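For reference, the structure I am asking about is given below.
Letters are used for the chains, namely A, B, C and D, taken in the order the chains are written, and counting of residues starts over at 1 for each.
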Amino acid sequence: MDIQAIITDIYHEVKPLASQGQVAKYIPALETVSPDYLAISIHKIDGTHFSIGDYSIPFSIQSIAKVFGFTLAYKALGSEMWKRVGKEPSGNAFNSLVQLEFENGIPRNPFINAGAIVLADILISHYKNPPLELLNFAKKAANETSISFNEEVARSEKETGNRNAALAYFMKSYKNIVNPVQDVLDLYFLMCSLEMDTYCLAKSFLPLSNQGIIPSTKERIVSLNEAKRINSLMITSGLYNESGDFAYRVGVPAKSGVGGGIVAVIPNVLSICVWSPPLNNLGNSIAGVCALEKFTTLTGISVF
Amino acid sequence: MDIQAIITDIYHEVKPLASQGQVAKYIPALETVSPDYLAISIHKIDGTHFSIGDYSIPFSIQSIAKVFGFTLAYKALGSEMWKRVGKEPSGNAFNSLVQLEFENGIPRNPFINAGAIVLADILISHYKNPPLELLNFAKKAANETSISFNEEVARSEKETGNRNAALAYFMKSYKNIVNPVQDVLDLYFLMCSLEMDTYCLAKSFLPLSNQGIIPSTKERIVSLNEAKRINSLMITSGLYNESGDFAYRVGVPAKSGVGGGIVAVIPNVLSICVWSPPLNNLGNSIAGVCALEKFTTLTGISVF
Amino acid sequence: MDIQAIITDIYHEVKPLASQGQVAKYIPALETVSPDYLAISIHKIDGTHFSIGDYSIPFSIQSIAKVFGFTLAYKALGSEMWKRVGKEPSGNAFNSLVQLEFENGIPRNPFINAGAIVLADILISHYKNPPLELLNFAKKAANETSISFNEEVARSEKETGNRNAALAYFMKSYKNIVNPVQDVLDLYFLMCSLEMDTYCLAKSFLPLSNQGIIPSTKERIVSLNEAKRINSLMITSGLYNESGDFAYRVGVPAKSGVGGGIVAVIPNVLSICVWSPPLNNLGNSIAGVCALEKFTTLTGISVF
Amino acid sequence: MDIQAIITDIYHEVKPLASQGQVAKYIPALETVSPDYLAISIHKIDGTHFSIGDYSIPFSIQSIAKVFGFTLAYKALGSEMWKRVGKEPSGNAFNSLVQLEFENGIPRNPFINAGAIVLADILISHYKNPPLELLNFAKKAANETSISFNEEVARSEKETGNRNAALAYFMKSYKNIVNPVQDVLDLYFLMCSLEMDTYCLAKSFLPLSNQGIIPSTKERIVSLNEAKRINSLMITSGLYNESGDFAYRVGVPAKSGVGGGIVAVIPNVLSICVWSPPLNNLGNSIAGVCALEKFTTLTGISVF
């Protein structure tokens, strides 16, 4: 199977789709990103890799960073974590607050905003220098160094992040945030400001395709069970309120961010990252979703 | 791998769990079922099969029948179906009505009650004799004949089914039910009254493990794509509000019913059905969920 | 105070407002009513009365009939009624179902649809011939005979009344409807089909302005306490989700219907009815609300 | 009518009721108040007044202060205010957040917490020294000086006020809070910390019974229209989710606070304040509601 040829074809097919979406506009740093960027990167567990397009341009991975946050929080708390956050899909955004109220301040899963704010709270309680731990974890998982926070993005997110502040205070009223809300939000927004290119991002998820082990270093970064479980969380909750549709059309675990990135895991085979900033109305990259659907269709890959 | 030994061990390990649950009590026909029944059946795609316990005692498969209903409705409507019902997980039961209202009478997915009522409506519009089609489809999928409706169960469900009637009238107010509500409910309750034993039920799902083909007859019953997509719907929405937890702990597509049955699909390998009537507070068989978790743990099987 | 002059002025001032609204369109019998009708009628407790416009043309009083239904139901059940229905304002329509769910099938008050469906259920349980009782009660309250049901309207309401059917079945699932749903809905829709002109409708509410006594016959129709309490229910819940605004701007108890009628009670002074079919987006007569606001402003009348 | 005799009787009748309630426990300053306090004060517009019990002991008036806040905000913004806050009753607390979301961050009315937080925001935008204005307004309305903020209560409220912070940030995300959230909350909590005794509190509401004029000074403090409208807001929304029931049983405009105070307005006659700290499950003083019901029943006073 000539993967480079496949992604080249896909690259050209999905390029025109970007014009149907809108880049995220709620902060200047995202709004000014060119809608024309498009990149696809694949890393196979055998160490080979394939890329096309703007694969060496770093972008804001946004919610994709929640997977790193989850992993570190889970390492700290283990299954005790499930007292603080659920693992069920969350339904539509519209319900976010009433659902949180109905469930006594316990977010449905770690990948919705409320859930990731709880992750930030857990990291503060259990790590000395959470930002450094997050950064180092991402670098180690990718075995790459060109990964960094964008503090301007983090600051800018915080300035407009009143809704996330509302979620945090609301959970604090249920005692599900234990640290000062402003500290928790600072870390949450910093986490979401992580930047890297598709080459690095695909590579950083490769251990999840390889039973928890970094292929290049043979180092285990999460247990086999953790790897499987992170993948299962991604398949049920990784693409906001499009998760079910994505599972249906694409059939693999994946996580998206409003920066236009989507990274997917094909267990025991490869990891793949697509980046194209324009989003559909559910907040996922239009060209990204389509590229991944084409990839699994053309290769016949699916977990089902 | 000695599957018979594995399910025998599991059988004995999970048997005591049944006492922690409650059989469904909302209709007499379910309430009077003995909580002591326990059965496990496995069919491999190579034609071998393994069973233990009460595997030849027919039981009410309830919501599991929605998978048959979905398949027939999809055959009739194709992707047009997605104008009538979504494919996103549904969150908690508490939101069912407000969510339906927010989404203009379009149920979140075909496996929640509202969604399956829409399936019944579609079947009435597109098939001459929907009950017969449903029955024949189940028999054909299983390549078995001892499958039947229990009309007393259907009648009894209807008598207490005021909430489902409310859902149906509510969707009719959005024009998402086109046939007379009473006819739609009759078919819905009849569908849910299907009865068979674990041997037949596991066998009837075997085509979903075999890329859509009935192994024993080589007949294709659904396309490869349909098989994958039904599996993806099951993994995101097959166990009510426990779907995420089940995907996390067990890691395979499955569908449950309040009769205490759960049937799971291991793509390209086997199908497995467990039956134990006592339910947990989310409406799934306590021993059933645990047996399936043990099975995938012991065998190392998972789609992730 | 020259009441005839006042209502004549108001009549001409509000007439142009009708063009800003829309007549109710959900049933043919309402949709075909001319938007140009306008009538105002006043009955004082001293027996004098004043009318202008189309005050002798009968119209569909719709929800206004819920006040008659409430009175009869309260006579039958007394304060036991408050176990079946609340007396709190209901917030916006959007919440109707989730609120009903949250409060275990007990509607917030007797004037929202769910509440009036419960009234119909109570009437069926406690009266031999509820339609006749309702009709006779309205005739007696008004001391007039030209009041009747419009069975075509009732039938037509029922045909499109899927949402009310949903409410009824939903409450039945909480056992807050005890009679067959279809019978309850038949009575509910018949009740709402009551027809009379503004002269009769204002007169039928006059006992509520007169401490419960029909001025023309000196007959007590409800106790002093009941009269006050019906008035208090009207001020908090009489105009759907515009009740607070109406209390704020107009300051008197009133009840509206989607037929375009509004009837208001000035305790110890008079009752007044305005009819103009075009509705605002909250379902109340545009010209009607404005006419009543002008009336209380010009006369300085208010309960506050 | 011997008012002193009437309130003396009522005082003794309702005293035992306090034991059925619970004092507010969410902040130490409220939790430690003796549940045995009971006071009733009446001021007639003719200048006479009557009191019994602990009527010279200052207590935390809490939400009752929202009436002062509303009046000052309305003076500043006029009817423009209604773009920032509604005037409809709010239904149950359970819906507060989803309702706020559904209505784009516009609170239902100025007396629910979200609404009063908007009032605080308006005061900050339009007054140089909002706390001083509030204090002076209360003193002027009462023509009394022994009224003050309790800064310890304000601080303590803020420490536990995470839910109010959530509301404020949530409204800010809809741009319905324009000043810094922390400043707005500071003022909100300070406003709710106002302290006075029942003698002063009843007297401070007397202008609302007297068409807007302070009887003792003949000074107009609000217009006739404003007085009527504040009264109408109180009758539809003054007692949280018990407003409808209170209107039904007591029949006059009133405002309650979790400190156990309730103040009611009998237009053109008198104002009355009752204080007894133990609350019912809807957050209103148990003895207070009952005392007011007895008072209007015994005197035959009602606005209806």
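Details
Here is the rule we go by: contacts are C-beta pairs under 8 Å (C-beta built on N, C-alpha and C of every residue); 3 or more make two chains touch, one makes a residue touch a chain.
None of the values given here were measured: they were computed from a predicted structure.
Note on connectivity: the fewest steps through touching chains from chain B to chain C is 1. Looking at chain A and chain D, not one chain touches each of them.
Looking across A-D, A-B or C-D, the interface that copies B-C in more than half of its residue contact pairs is found at A-D.
Averaging C-alpha coordinates per chain and comparing to chain B, the farthest chain turns out to be D. If each chain is reduced to the centroid of its CA atoms, chain A and chain B end up 32 Å from each other. Inter-chain centre distance (chain A to chain C, centres taken as mean C-alpha positions): 55 Å. Within chain B, the positions touching two or more other chains are listed as 94-95, 98. Applying the touch definition to every pair of chains gives A-B, A-D, B-C, C-D.
Those residues of chain B that touch chain A in the complex are listed here as 86-92, 94-95, 98-99, 102-103, 108-109, 227-229, 231-233, 235-237, 241-245, 247-248, 251, 253, 267, 302-304.
Against chain B, the residues of chain C that register as touching in their complex are 94-95, 97-98, 101, 162-163, 165-170, 172-173, 181.
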